[in-house]
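Structures are listed in the sections that come next.
Each of the next two complexes has chain A plus one more chain, namely chain B in the first and chain C in the second.
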Partner chain A sequence: MNLLQAIRRNKAAYFFILPAMIVMIVLVFLPLAQGVYYSFTNMDQYNMGNKFVKASYEFVGLDNYVAVFTGPGLGEFLRILKQTVIWTFTNVFFHFAIGLGLALLLNRYIKGRAVYRMLLLIPWAVPSFISAFAWRWMFNGEYGFINVMLAKFGIEGIPWLSDPVWAMTAVIITNVWLGFPFMMVTFLGGLQSIPKDLYEAAYVDGASRIQQFFSITLPQLKSTIFTATLLGVIWTFNLFAVIYLITEGGPFNSTEILVTYAYDLAFSSWRLGEATTYGTIILSLLIAFSFFYSKVMKTTENE
Partner chain B sequence: MNKKIFGWSMIAALTATTLVGCSGSAEPAKEETASKDGKVTIKFWTTTNTDENKVLETIVADYEAKNQNVDIDLQAVPFSDARNKFKTAAQGGDAPDVFRCEIAWTPELAALGFLEPLDGKVSEADKKDFLKAPYNYNVYDGKLWGVPHVTDAPALLYNKRLFAEAGVTEPKTIDEMIAAAKKLTKDGQYGFYLNTDSYFLQPFVWAYGGDTITNDKQVKIASPESIKGLEALLKFKAEKTVQANFDFANQYQNMMTDFKEGKVAMILNGPWAMGDVFGGKEFQDKNNLGIAPIPAGPAGQGSPVGGHNYVIGKGSKNVDESYKFIEFLNNTDNQVKLAKELKVLPTRQSAYDNAELKSDAVVQAFKAQLDVARNRPVIPEGGQMFDDWSPILQAAVKGDKTAEQSMKDVEAAWNKLLKK
Partner chain C sequence: MEHRVSKFERFAVHLVLLLFVVIAVFPFLWLLSTSFKPPADIYTSEIHLIPQTFTLDNYKYLLNMKDNLFLKWVGNSLTIALLTTVLGVFFAATTAYALSRFNFPGKRLTGYSFFLAQMFPGAVLIVPLYNIVKNLGLLNSYTGLILAYITTALPFCVMMLKGYFDSIPIELEEAAKVDGLNTFQTFYRIVLPLALPGLAVTGFFAFITAWNEFLFALTFMNDQAAYTLPVGLRTFVFQFRTDWHFLSAGAILITLPVLLFFVVAQRWLISGLTAGGAKG
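And now, the complex of A and B:
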């Protein structure tokens, strides 16, 4: 009843959001519901049906979920989840650290600040698949720029794309390079909105630079940091292009993360029931993470 | 007041975009069949590489000149994406009319119902003319789904200059090949490029009496013989006769570059790579390239028959015109033309009777390999089997898994693929 009353009271407002809601329902929520439904079926390429053949997949209840969370499926899932967590948090950590560092540097008056800012935005402005291919060439074990340079100094080449640890390092390096400008720009905006008089007062009270950073800058930036890192985690968790283009999940699936694995299940094995199961699990993990993260942020705010 | 106007215009704008977004999909169907001037458009997806496209384009232009009522819409689709791209398009009933389809994909696409059957369209004379091995891949479930266009079998390619310098001769057995590779590994050059694409493990598995999947879907990959085949391949690495730096993501290009630069003496590759090989510095003198059948093991010699077929996408509105076009693309003259310029192997006996091809050393060398080559399983899963196999092979090459364990893992993956 409450909702109806609210709608009646704010007719105009609801009317305004109606088109957006319709678009969201048609393009996001319906496909989402359909995807979740597929995860309860045994859909694959032979029974999914098409324009000429009737669909014949069947409802199999929780079978797909049971397969992921028990037996050999669980081992596979946990391995990929571990890789995803390493990938996500290493990336976001470096995005955050480099982004914040550069933002602090650029927030001071230095000559040619606008030029630096523009140059630092380049990784972000270049389409990511172009950067990914460029990095893939640089990582080439024999003819790549990096190994050729190392060889000039007499250092043995690094097996970038054929050793599990190095391959993960390679894709993380690429994505750190691609992703720090976003954090930098966001933090720069946040820094510029901190009132100058706070620093002046601190200066008068004799606070050191470091004290100013921890007592003024960080607390004032908190909400920006929260939003930027939350977005960073969600994006990186679901970032498909870099891994797919550089290592294709290899060597032997060691750089596979949940999204690339789900993609392979769907479009290389065409096991669509299992792929949508992974999709649903990814969604649940991210919702749980966002919820938990905002809780943590709120409680520290209240302290 | 201003706010209201702004709001309304926003709504109008948003609704308009929604409508635009939806309208795209409904229309194009009408145009395709026959456009205003009665011209028939045939959408043709080819998976040929850039060298091959140049020749193919001349054949297509030739056809268009001879058939003024037909317009060929030729699109080059990268081979590695083509299977998925075709499936996605066919799923929506939007498959190309003519598709150059890898032989192992044909049973799969047929089983999915994405192809038009060609029984009754292919003449009896043609059926007799096609070589048996490539033709077999087109028959699935008792029907004919395509016609073979080119065939291939990877052979041992070697650099004759490096062989002479190291004093080795063409290896006939895998043991001899390992011994040769050892002698060829010195001063910044090495014997054999170990390609971890599992397609190239098949000859080793067969050479030791093993097998992959049989036509009645029995998985033989974890048999002791198959494991011996993998162990033989791994021996090249254990003896340090292979590339120092493995790079799985770039291995094909690196293999070709090393071979063309004279850094590696032996590789396994098929006729499709000839254009690339002869472009390299080492092979400016074409006689420097040695082509030999892949060395044999205790159970004989085996190289996988590969190749490409022409198929017609389900739902094509111009099946008859499309087949006429395929017939032209695939006639003896055009097969000979492709073979002469690109060294790809024809699928017609009559093409091999051509005098010029009879004296073509490269074509004849690959033909010799083809004569002893083996069919891969003609099952819908025949193309997908390599998706699971290659990563596991890489783990074995890296030493993360023993030969036995890795073959057991492949067996498990294939049992899952075959739904056992």
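And now, the complex of A and C:
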């Protein structure tokens, strides 16, 4: 009865959420279920159907998953997964380190702080596809700024986009550049909300600045760090445009990450069943990651 | 709390900040410089940040493209991003308010479903959405792409606006109730006007996200005249060469308005971001 009463008392709330919930169900949750279902079918461009022809793909059970997790499929999957992990954690690590470092510097009383902050936010303000193009141009092997500059110092040009390792380096540099400002403003906001008297007390007690950083700043920033890095990992893991616009996953799939690989499976090879299998695996990995991450954060909080 | 800061330390801080400013600004400056150069000065092993020969030809080419393609892309991008913003904010506002003010059964689940939806990779939804849009005959249409963009804009707007509503003191609404307004009237007459800055900031981010989107646009729009800007600009990238002179000019035309707006509204946007979105 209590539940019914609570529902009745909050009738207005249900009216308020109704329109958005309908949109979410129709455009997100049903298609999601459909996508998961596709992963158990042999859907491709010929049997997917269209306005005039009925779809004729068939249920194939776990075949797609078996193909990914055994034999040559497994090798491919593990390779792409490894690249995805390198891509994601290198990016988030540098976003975090540079973002926090700059936020600490900007949180001091220095001349021109507002100007510095504004200029440092430029990578965030410029549309990201433009930045991706700007960096692709910087990395151009023959006429790109970086290689031409190196040549001036007599250093041989770097095969940025044609060598597997350098290509990965190039897309990571671009994305570190794109992502540090967001972490910087987030941490700056977090730093500014730490009560000043904590530091005053620590100063009176004779704590050094390094001690203050570890005993006040870091613990106080903890929830900001948690949210920002969790979102950072999810966003970076799912980030498509930077890689696609700079290397298109090449050379030899060396910069392919799970989402770009799934996209190519779907819309270059039109192996839609297998593509949605990858999609479902990606989603499971992300959910598992955020679950464990919040568990770990919670247990450290209780200590 | 102020430790005495040595001259050397102050110098070092400025040096580090300056270094990062240069890194932050340079790729864009280089693009700006490229856009005013004739091809002969672009494809060379000389470096001149200030163009030796200054030309507007690259811009003229874009603005006079065959079938006015570039302007069409601008129009497509603007329309799609604006409509996504309006719909996203409209559907999100009441939901965010309910999540902020009511303690209704199912609230946690509702909130969680929006949080989770923010996490869905486009790569998961894109195949089913493509199928739906294709079967409705909506490929190459604004409607199809807007439907896809709503799936990212809505969860994002809900989370961000909830942050705003949480920061508006509840006393005003209680007073309004005492004055005899019902819940809906309170929302439209009292809360919404107060939340206008929040709606605007949220709208701005929704706009930018749609404006920048590439994955769905690339997949849903295969007719040149229907391209949005990111996909359109990519037509200057060929397999073995790229027309950097045109691409850079297009990039600058698109970026300058955004950048100017950003410089003007910066303070306001950041406070909006830290008040709402980043708290998830």
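We take it that the second predicted complex is superposed on the first by the 295 of 303 C-alpha atoms of A that agree within 3 Å, B and C clash if a C-alpha of one lies under 4 Å from a C-alpha of the other, contacts with A are read in each partner's own complex, and residues count from 1 in each chain.
As a working rule, a contact is a pair of C-beta atoms (placed from the backbone, for glycine too) under 8 Å apart; a residue touches a chain by one contact, two chains touch by 3 or more.
Small disclaimer: the values here were computed from a predicted structure and weren't measured.
Undergrad: Which partner chains sit in contact with A:227 here, chain B, chain C, both or neither? Use first/second/both/neither.
TA: It touches chain C, and chain B stays clear.
Undergrad: Scan A:149 for contacts with chain B and chain C and give back first, second, both or neither.
TA: Only chain C; A:149 stays clear of chain B.
Undergrad: May I ask you to decide whether A:16 touches chain B, chain C, both, or neither, giving the answer as first, second, both or neither?
TA: A:16 sits against chain B and chain C alike.
Undergrad: Could you say whether A:71 touches chain B, chain C, both of them, or neither, answering first, second, both or neither?
TA: neither
Undergrad: Looking only at chain A, is it chain B or chain C that touches more of its residues?
TA: C
Undergrad: For A:267, select first, second, both or neither according to whether it touches chain B, chain C, the two together, or no partner.
TA: both
Undergrad: According to the stated criteria, A:252 is in contact with first (chain B), second (chain C), both, or neither; which is it?
TA: After superposing on A, A:252 lies in contact with chain B but is clear of chain C.
Undergrad: If you stack the two complexes on chain A, which partner ends up touching A:50: first (chain B), second (chain C), both, or neither?
TA: Both chain B and chain C are touched by A:50.
Undergrad: Figure out whether A:286 sits in contact with chain B (first) or chain C (second), or with both, or with neither.
TA: Only chain C; A:286 stays clear of chain B.
Undergrad: Both chain B and chain C contact which residues of chain A?
TA: 12, 15-16, 19-20, 23, 48, 50-51, 136, 140, 142-143, 267
Undergrad: Applying the document's contact rule, which stretches of chain C touch chain A when the two form their complex?
TA: Residues of chain C touching chain A: 1-3, 5, 10, 13-14, 16-17, 20-21, 23-25, 27-28, 30-31, 34, 42-47, 91-92, 94-95, 97-99, 101-105, 107, 110, 113-114, 116-132, 134-137, 147, 150-151, 154-155, 158, 183-184, 187, 208, 211-212, 214-215, 218-219, 229-230, 233-234, 242, 244, 247-248, 251, 254-255, 258-259, 262-263, 266, 270, 273-274, 278-280.
Undergrad: Sort out for me which residues of chain A touch chain C in the complex.
TA: Checking each residue of chain A against chain C gives 3, 6-7, 10, 12-17, 19-21, 23-24, 27-29, 31-32, 34-35, 38, 48-51, 98, 102, 105-106, 108-111, 116, 118-123, 125-131, 133-138, 140, 142-143, 145, 148-149, 151-152, 177, 181, 185-186, 189, 196, 199-200, 202-203, 209, 224, 227-228, 230-231, 234, 237-238, 240-241, 244-245, 258-259, 262-263, 266-267, 272, 275-276, 278-280, 282-283, 286-287, 290.
Undergrad: Chain B touches which residues of chain A in the complex?
TA: My answer: residues 12, 15-16, 18-20, 22-23, 26, 45-46, 48, 50-53, 136, 139-143, 147, 157, 159-164, 246-248, 250-253, 267-270.
Undergrad: Over in the complex, which chain B residues touch chain A? Could you list them?
TA: 7, 10-11, 14-15, 18, 84, 87, 90-93, 111-114, 243-250, 254, 257-258, 314-315, 380, 384, 387, 391-392, 394-395, 398, 400, 417
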